[in-house]
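Input: structures, listed below.
In what comes next, chain A is part of two complexes: it sits with chain B in the first one and with chain C in the second one.
Up next is the complex of A and B:
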């Protein structure tokens, strides 16, 4: 039975905060699987539109655009490589001088690009609408081992952490006289040489954190499972529905692979 | 002295894997528990390594070649590390890396260790508030840890450790990013800590001389002096390239000695010299 003040608090929270973290994780799984099951570019575009609406209605679209910018370079590279060298290239799409781009390769790369966008946007919806401790608390309450929870959260938040480190290194570069990079190529040129220090710095932070966690009895069997302060909207029903959808989609994909 | 009230380091040597030279070389000493022990020395003198051994990081988490004995009261980091860990609080040199990364607020971060130890949420809540008040963080409890300044992060790391009231507190340069007021408050708090055994590595030699019961001086991995700050500073003042406290240097400049013939290292001792003269 919900306490009246808890009910009041639940009613005042925005809709995306009334959906539990597991439902959001399952939603990422469903959207990702769906993007792999669909093979039509227009259907993929509709899926992107759906994830955009999800972010739009939760008021997180603006902040998610940065993440899209991060993968734009990768998608452009895919279009370039597949457009030129895809093994099933037959139909000429367009040519730039002596360089010919083919329709099959471009379509294939666009399909892969759409899948990346769907995954990035769906993950962003999860990350931007829940807090780390809320996720951890919920998953632990759902019966997941705290070590597994921590691992899952670390994976989800490693990219934002790397982005933070990247910003710090870039700031230090600017302080040493390297001008602001405006074009994508300029940005890429400055990021390339700092990739190794960036990875090393992130690994070093992970090492310190690992030492600290062990000192702070992270793996203690005595750990108290913290009570959830919030209740969520139809969480059990969503879990069942999305779980079932995921299984069906996996079945579809396997069926498609067998009948290929 | 009861063996359970003693700190014993017996012929402690540490060599990191892949290194030829030892980071700590045959350190031996005994001291009483319940004291504030300041550890000083220049860069690469072995201060952090000693902290890592005292906290059990070496050899339990970071593998190294270790020989000798370490015992804090009835506990040893080389035996039953989990049990030892429950009695020690550790503030690492890199305090930002010490944060759990799973907390949205300062409150959650301080509570992290308590919850891991199996404390109930109500009890943990009280301990968090108490620790936060001691470190001047009571107004920041709802703030995100990654928005804190360097000094505030150091205070948060200390609060996270003192929250579970450890018997032994080991701190590696905990004030390096604090502002002068924060540092002064910290050392005042430290001076008021009784019954706890506190090991503190710091470059604030002036402050350490004021509050520490003992000073251990390291040089190139060797212990060159240990004892009361007055004796230690007077002992290492000549022949060693160490930063000496302002009070000591002033007294030497003015030729003010204590009746024992030593130069004072505390402000109160220096005042005493002037009072005796008048």
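Up next is the complex of A and C:
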């Protein structure tokens, strides 16, 4: 039975926070699989629109735009390569002087590009609406071994922590005049002053963490699972529905590959 | 005369609610202490003063010149900064090489590099550890080493973020003597510290910050005599001030 204050908290939370992390992960899986099953460019565009709405309604669209910028370069390269060299190129789309771009290649690259956009936007929705600690708590409560959860979460944490360290070290080394060098060889030499403290600091932090875990009796058999403070919206039902959809979509894709 | 002036300075970290706002502030040659709680904006101010971060608006000038123009391509000679964590700035294989690194960037002669390195390591008390790997030193020794790397280069402006943190009493005395020596020779030595006893003992003037703003600049003794200011800034009273207060109370009662 939910406590009244907990119910109140659940009601005040935005909709995307009332969906559990596993549902969000399954949603990414469904959207990704769907983008691979669909072969029509307009259907793919509709799928992109759906992910955009997902981000828009969760208020995370603006912060996800950077990720799209990263994709743009990759998609442009694909359009260029496939437009020119796709093996089934037959119909001329347009030409730039002596360089001819073909419709089949461009369509194929656009399809791949759409899939990339769907995956990136859907992943962004997950990344921007869940925290690592929330995932850990949920997985532990769902029955996963706490050691496995800790290992998973450590892996998730290490990259942002290293990025944070890197930023700090870069700034600290700039204060020592590193980064002001002009020649290429000098610039290359500046990698070490950043890399050495970064590696040592990261190792040091891992060592400190393992010592503190030992001191706090991480291996204790008496350890109990921390009760979830939050309850999620129909999480079991969503898991089943999305899990089933994923299986159906995998089946569809396999069927398509067999009958190709 | 080296004079740093800040006018209408505003700075915010992207995606952060914290903002630094300073209407007007002047630092002159000598020893300067900046105090305040964690998150008051002290380290941010230091980074802005070092030119590592750029203000959103307003200006920092040194000797009448814009800070970036003042630094130009002579960062090492102009501004030195040590971070709270010495591990962020250490990367050479030996203590000696660590100190020599900055000097070599300034194209000093080999004999000069040798002489200054030995002198500075002697000053901070690390002369006997010259050939050791910096990462084999204790935290306080690494702190001394990071200070030595900046002091060796003798920039006009020296910025230290909590230099006394984790230092023992003899090391603190050595560092204070070095700061005093540099301040007496026309350098601007700006220090962030949480050590109020040290501030009262060594600093004539103090700059106090709270919530990203400068709330006091003036005589150190006057600052500690104002209970409301001390409370606003959120620092501990120096022991000497506490004793004085107790003594005053006792005398009044008598």
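Following the convention adopted for this analysis, the second predicted complex is superposed on the first by the 180 of 260 C-alpha atoms of A that agree within 3 Å, B and C clash if a C-alpha of one lies under 4 Å from a C-alpha of the other, contacts with A are read in each partner's own complex, and residues count from 1 in each chain.
Criterion: a contact is a pair of C-beta atoms (placed from the backbone, for glycine too) under 8 Å apart; a residue touches a chain by one contact, two chains touch by 3 or more.
As the structure is a computational prediction, the values presented were derived from the model and not from experiment.
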Residue contacts on chain A - larger count, chain B or chain C: B
Partner chain in contact with A:212 - chain B first, chain C second, else both or neither: first
Partner chain in contact with A:169 - chain B first, chain C second, else both or neither: second
Partner chain(s) touched by A:131 [first = chain B, second = chain C, both, neither]: first
Shared contact residues on chain A - chain B and chain C: 204
Chain B contact footprint on chain A (complex, rising order): 131-134, 136, 150, 153-154, 157, 204-205, 208-218, 220, 222-224, 226-227
Chain B residues within the chain A interface of the complex: 55-57, 60-62, 82, 85-86, 90, 92, 94, 97-105, 108, 112-113, 115-121, 124, 160
Chain C - residues contacting chain A, complex: 47, 50, 52, 73, 75-76, 79-83, 85, 87-91, 101-102, 105, 135, 149-150
Contacting residues of chain A [partner chain C, same complex]: 168-169, 171-177, 180, 192-194, 196-197, 200-201, 204
